[in-house]
Amino acid sequence: MVNGLPAVTALLPALLLAVTGLALLLVDTIRPDARSNTSMAVVGAVGSLAALAATVWLTASGGVSPDGGAVLLFADTVKVDTLALFFTAIFASVTALVLVAAHDYFHDHANPAAFYSLVTFAATGMALLAVANSLAVVFVALEMVSLPSYVLVAYLKQDRGSVEAGMKYFLVGALSSAVFLFGISLVYAATGSLILADIASASIDGLAGVLGVGVVMMIGGVAFKTASVPFHFWAPEAYEGAPAPVSAFLSSASKAAGFVVAFRVFTEAFPLEMAVSANVDWMLSFAVLAAVTMTLGNFAAAVQEEVKRMLAYSSIGHAGYALIGVAALTVDGPANGTVMGAAMAHLLVYGFMNTGAFLFVAMAERWGVGRTFADYAGLWRRAPVASVAMAVFMFSLAGLPPFAGFFSKYFLFQAAIDNGFLWLAGLGAINSVVSLYYYSRVVKALFLDDPESPSALDAIDVRPTALYAAVVFAAVATVLLLPGFGPVIETAEAAASALF
Amino acid sequence: MGTAPAQLFPEFITDTLGLDSVIGDVAASLVAAFVVGNIILAFTGVAGPWAKRKITAAFTDRIAVDRIGPYGLLIIPAAAVQLLAKELIIPEGVDRPSWDIAPILLPASALLGFSVIPMGQLGPINLHLADPEVGFALVFAFASIASVSLVMAGYASNNKYSLLGGLRAVAQNLAYEIPLIVTAMSVVIFAGTLQMSGVVGAQTETLVTIAGVSIPSWYAFVNPFAFVLFLTANMAEIGRNPFDIPEAPTEIVAGYQTEYSSAYFVLFYLGEFVHIFLGGAILAVTFLGGASGPGPESIGFIWFVVKIWGFFLFTQWARAALPRVRIDQLIEIGWKGMLVLSFANLVLTAVIVGVIA
Amino acid sequence: MTALASSIPPSWYLLLASAIFCIGLFGVLTRRSALYFLMSVELMMNAANINFVAFALYYGDLTGQVFALFVIALAAAEVAIGIGIILVLYRNFGTTDVTVPAEMRW
Amino acid sequence: MSDWIAIGALAAVGLLIPIGMMTVSALLRPSVPETGKSTTYESGETPTGGTRIRFNIQYYMVALLFVVFDIETVLLFPWAVIYRPAVQAGVPMADLLWPMLAFVGILAVGLVWAWRSGAISWARSPRATSRKTTEDLN
Amino acid sequence: MAAAFVGALTVFLAPDEWAGRLAFAISLIPFVGSLYLWSGFEAGGNALLGGEIAYATQIEWLEVGGRTVSWFVGLDGISLPLFVLTTFLVPLAILSAWTPVDTRQSQFYGLMLFMEANLLGVFAALDFFLWFVFWEAVLVPMYFLIGIWGGPRRKYAAIKFFVYTNAASLLMFIGFMSLVFALGDSVSSFALPEIAQAIAAGDLSAWFGIPADRIAMVAFLAMFLGFAVKVPIVPFHTWLPDAHVQAPTPASVLLAGVLLKMGTYALLRFNFTMLPEQASMLAVPIAAIAVISVIYGAMLALAQKDLKRIVAYSSVSSMGYVILGLIVFTEYGIGGATFQMVAHGLISGLMFMAVGVIYNATHTRMVGDMAGMADRMPVTVGILVAGAFGYMGLPLMAGFAGEFFIFVGSLSAPALPYAPVFTALAMFGIVIVAGYLLSAMQSTLFGPFELETDYDVGPAAFHDVAPLAVLLVAIIVLGVAPDIFFEMIRDAALPVVEGVTIDG
């Protein structure tokens, strides 16, 4: 344990987030006059950064090491290991970015308090999800992520788009979580336990069929959270209709949360051998999902006219890439750890670049320029820094070498190939080429095109400082992750390898 | 946990009659239930209204019913027959099934509440139908079904007063359910069980002995604060003054029962009384040591009845003495006052128990 | 109680739960009103609860029952939020028919 | 024997009695339908408008709060039951208290916030509606 | 070397007004640095083939799937000249940008320096990943330079450039990766020397059922195509004129001066050094392509009216020389090719700059429009003409030395059949070059001044002419004393040659 500290210390990040959420409520209680916007943004950002710091500290201090050094708490229902910390880092950083950005986005909103606290509570749920070692905790945490998200998407109560998005998100979400829950119940029926390890070791006497159905249903639940086929169709609506910071939050953090479930639950509760023996071959289903998802996402994104919607589809595509991490697994395959680790690293990088991209959209919405590519034309004349940042995000998302996105993608594909999934990697590569097309459209619009009317950009009168800060920080992170990729990928790989 | 609970009523029957099969159990239970049910109805349906009129009259210095029978005791059966024989007027646009179910649900749920209440012994018979592990939670569950029936009635009878009444009933029940249960929880902390017999048994121990008179550890004595809270919440729960806004005859003309007449009205009326007495029973069991009292256990039922009537008296006094609260006051008292107080009480109790135990 | 309940083979519980789940699913797929949708989802969740409780009994551990408690709580929260969203939906679109709002193309 | 049989029996009785009374009255009572009678009562006026109307959102607020706290009590009951035996079994009181305190504390924050933002004051405050769903996180 | 990188990168991060001067000043730092490196340079052999590497620094970067990627940079005889060339050209290019670039200067110079940093990286990197990152990172600023400061059809040009080169590098990337995978576990990193030596040691093994030699061939083709686009060689050259014509002068200077060399440099490094057998197998077609691009480029240049296009096409043709020089696999051929890279870098840079200067004065590039410039801008025109001569390969000019070496090499090429034929054809190319350049000069610059403008066209500013002069001097110096580079180039080139002669 972390040099003799009580075991609960391992939960520090989650606790910090939770406390932050409550603190936000208190702040708003003390100063409910909506002017507390700034103070709440500060509190929230500080809290999430503290959580991030705690995560990094825990990881660095090696208190929780992947090799058996994982901390088990609360009768094994909670397991803090490097995997958990890694994902918690993603959640915390994305949360910080979103909160900071929200300060400007909701500058004139009547009551931003709910927003901040909801985001932090959702982040808490994610952190909990990352450490969940029991299906019960998984489900509870999952709901704890979903419920605030529903509200967040529909946060602009007067905006029909937002409300509709929230409605659709909620419908699909409720349905999928019910399916997920029933899947859990079937698994419980078959194995008689909710602790992942016990499920793995349980003897399935004649109930293998039940187990199989349960696993399939759970895949459905995961598919929803990760916005991948077949539960993907909420994503474009939700991301487009929701306030842009929320879209950023959902498409980065919430997606990663879905993946942490996939990574941990499926590898620990239904180990590969068991999956093959009980022929509950979830790897195969994930492989198919990954293939369909990335293709659908990318090709749909290519035909979009609105930047936000394009980003939404592209995030579906990226879900497809990350799914490779659970798809390209074989029984004692040489690169199991590598491929999953690469997927994790990709999620981390993606967390920054995608959040940044959506936050740029948020800035555009704040400025009141339109939503389509054409409306972005020539933005760089008015906002060079932000535009450069956006270019960084786009190229990185497309996986161009100078940026971190390239590494994470490359290693993902390489590991998949090492594991014998040449076709998946190939498909991924093709999709990346496709994606380059529509990502570069944004850059083209920003830098090369001229605004259709010289007065088109006069709307840009404000300089949303906080939004700028968030975007620029995300860009810097995206770039710095290139030289700093070593520790990231190695941590991720170690964490993932511990699962096999 | 106090003394072991006496033999339950149905078991008593089965043993005396030597029945031993599921059929026998069912039959015995039915008999027991019928007996208990009738006893309760006799109290509530007959004595209740009569006493109500008498008490109110006494408070307001009037002469109440005295024509029919001694002290006008027979007025109630007469009124019942008369009401049953009245025409049932069904207004247009009522939501039929729920409009019919509501009047059944109210008395049934209230009656059901008694199933787990240990009503003490009457001679050899222990008037206690069932004693499940979760009886304590169960009784509250049964008691709160009533509000469903109220909102059904309010919504079904196509009438604005009724709608308001139903909604108010719900709002009020919601507002006071929590304080009620949380306060009851402090009792559970004392008792350490949810079994009714356990709760009652735990109150038989002697708390203190003053001048040779040993005062039992009724929770009313142990924790008067909780008792007051519970009493208040209970009043609201059963919708009596000052919390009778669901009916509020002077504002919304009897609220949810405006459109009811004939047998249906009788049922509502009856149900309310049963509900009052159930509230009394709960109070008695939870805070007043159930059927315990001076004298042999075999007359426990007497004590129980006394306690219930004491509560009934209290409600009638409140009805005569206290003004009705407004809906907003009601909500605010409930959520801002009672809730906080009840949680404070819970924590307090926990600490005290932790210290003394 | 235990004697009574455990005399029923577990597969019956499974069948019951699955049946209820399918009913809920059917409701989800056919109903157009958001409220019915909500109810159907609740039905599905309760089907899961049946499984949990039943098999908690079958395996003789409390995990399932406790989890069922949690599920109830979560379901309640979900309904609360759902109704909230339906409320704003109604305010904006004047209906609770989930097929009506189509500001954005699918 | 099972307690539930007895309870069921009482339920049966409790249902039978009202139904019996209904049937009795159905046998006894006359039926003279008449349009005047069948209008709903509205202080003697002819009723205006229907009753299937949208009523005050505040009821929803309250219901929401209730859901939160009701579930909380459900989750607290087990704790309350084991509390005293655990204390007598020698478990230090703090270990038993802090989970409940934390749990209640979180809800308390939520309540205070809802209180402050007007969710539970009957007079409808503009901020109230948008604040309704936050407490459900606990 | 570190100094060079840091200097360039920091400027990129701190661009601002009076950026021009600042950028120039800072760009001198890497130049000085590189000169220092040059002076201290004493490494023999080819970095990839076990020769010693100057200023090698290797830092573990990250480790994935059992292969390490590391920050591994170093110089050898082949890369150093180009390294110096880059650092030499950039300041001049920046100087030449003072006049034409008037909008958003800070970003402009920032991008220039950023590009310089990446170019240096390309030439110095000895780890495939590092190299690839730099390689791609060069494209981005170029894309913006063309796309934002370019001419009227800049969007089209920029996107064409971007798409072409990206597709190419993807192809190349796949090719190389297939090599790496085929090497399997015999290599534990992406360091080029290790890979090269592993290949030389014949560690290529079948992969996914594809026999090793076929993989090697596929990889060779893929990489060759990839680089060919970059060079560019004839079928893939179409992006070049557009890019050049549309690009602002400084950008096209770097484009012609350095970016094209990246292609040939990579060809030499990867294809010919790593896969000599395949290279020698394909010698004839490659040589053919080289010659074709010589002739064809020259022909096209002959047909052009736009001075910039002329220079652009001519650089296509002279790149053909380089390829030819490379493929013949002789000490002189490869050496000469490398030398020619440098020379052409200087010369084409000079040409573009001069054209740019004239254009700034006259706002036309059309041959004929600007007749009689000679008496208006004597110095500039003089230098332009001199540069043209250099292009034609006049003795005592760098161009001459390069081409001479190449021909010497190719005439005596053991590995290449029909070497004389190709050589002859290529030489014929020179004639055409001479032809069109002379005609262009003739019809353009001399004769009476006809262009009527509402402003007077006078001599160019000093900071415009100065770089031209400097370049000219450099060219002549190289022409007079080629050995300053050639020596080290040769002993870096030798192992390559041996590589092929051994198994050839």
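Things worth noting here:
As written, the chains take the letters A, B, C, D and E, and residue 1 is the first residue of each chain.
One rule holds in what follows: a contact is a pair of C-beta atoms (placed from the backbone, for glycine too) under 8 Å apart; a residue touches a chain by one contact, two chains touch by 3 or more.
Model, not experiment: these values are computed from the prediction.
Common neighbours of chain C and chain D, listed by label, are A. Chains touching both chain B and chain E: none. Counting steps between touching chains, the shortest path from chain D to chain E takes 2. Averaging C-alpha coordinates per chain and comparing to chain E, the farthest chain turns out to be B.
With centres computed from CA atoms alone, A is the chain lying nearest the middle of all the protein shown. The interface with the greater number of C-beta contacts, when A-E is set against A-C, is A-C.
The mean-CA centres of chain A and chain C are about 27 angstrom from one another, to the nearest whole unit. Distance between chain centres (mean CA atoms), chain A to chain D: 38 Å. Rounded to a whole number, the gap between the C-alpha centres of chain B and chain D is 16 angstrom.
Between chain C and chain E, the centres computed from C-alpha atoms are 68 Å apart. Multi-chain contact residues of chain D (touching two or more other chains): 2-4, 70, 133, 136-137. Within chain B, the positions touching two or more other chains are listed as 132. Contacts between chains, counted with the stated touch criterion, involve the pairs A-C, A-D, A-E, B-D, C-D. For chain B in complex with chain D, the residues that touch the partner chain are 8-11, 14, 22, 25-26, 29-30, 32-34, 36-37, 41, 83-93, 103-104, 107-109, 111-112, 114-116, 129-132, 135, 137-138, 157-163, 167, 170-171, 174-175, 177-178, 181-182, 185-186, 188-194, 253, 258-259, 262-264, 266-267, 270, 327-328, 331-332, 335-336, 339-340, 343, 346-347, 350-351, 353-355, 357. Of all residues in chain A, only 335, 338, 342, 384, 395, 400-402, 406-407, 411, 414-415, 417-418, 422, 429, 433, 436, 440, 444, 447-449, 482-483, 485-487, 489-490, 493 touch chain E in the complex they form. Chain contact summary for the complex, chain C toward chain D: residues 1, 4, 69, 72-73, 76-77, 79-81, 83-84, 87.
Across the complex, chain B is touched by residues 1-15, 17-19, 21-22, 24-26, 28-32, 37-43, 47, 50-51, 53, 55, 58-59, 62-63, 65-66, 69-70, 73, 76-77, 80-85, 87-88, 93, 96-97, 100-101, 104, 108, 111, 115, 120-123 of chain D. On chain D, the positions that touch chain C within their shared complex are 2-4, 57, 60, 64, 67-68, 70-71, 74-75, 132-133, 136-137.
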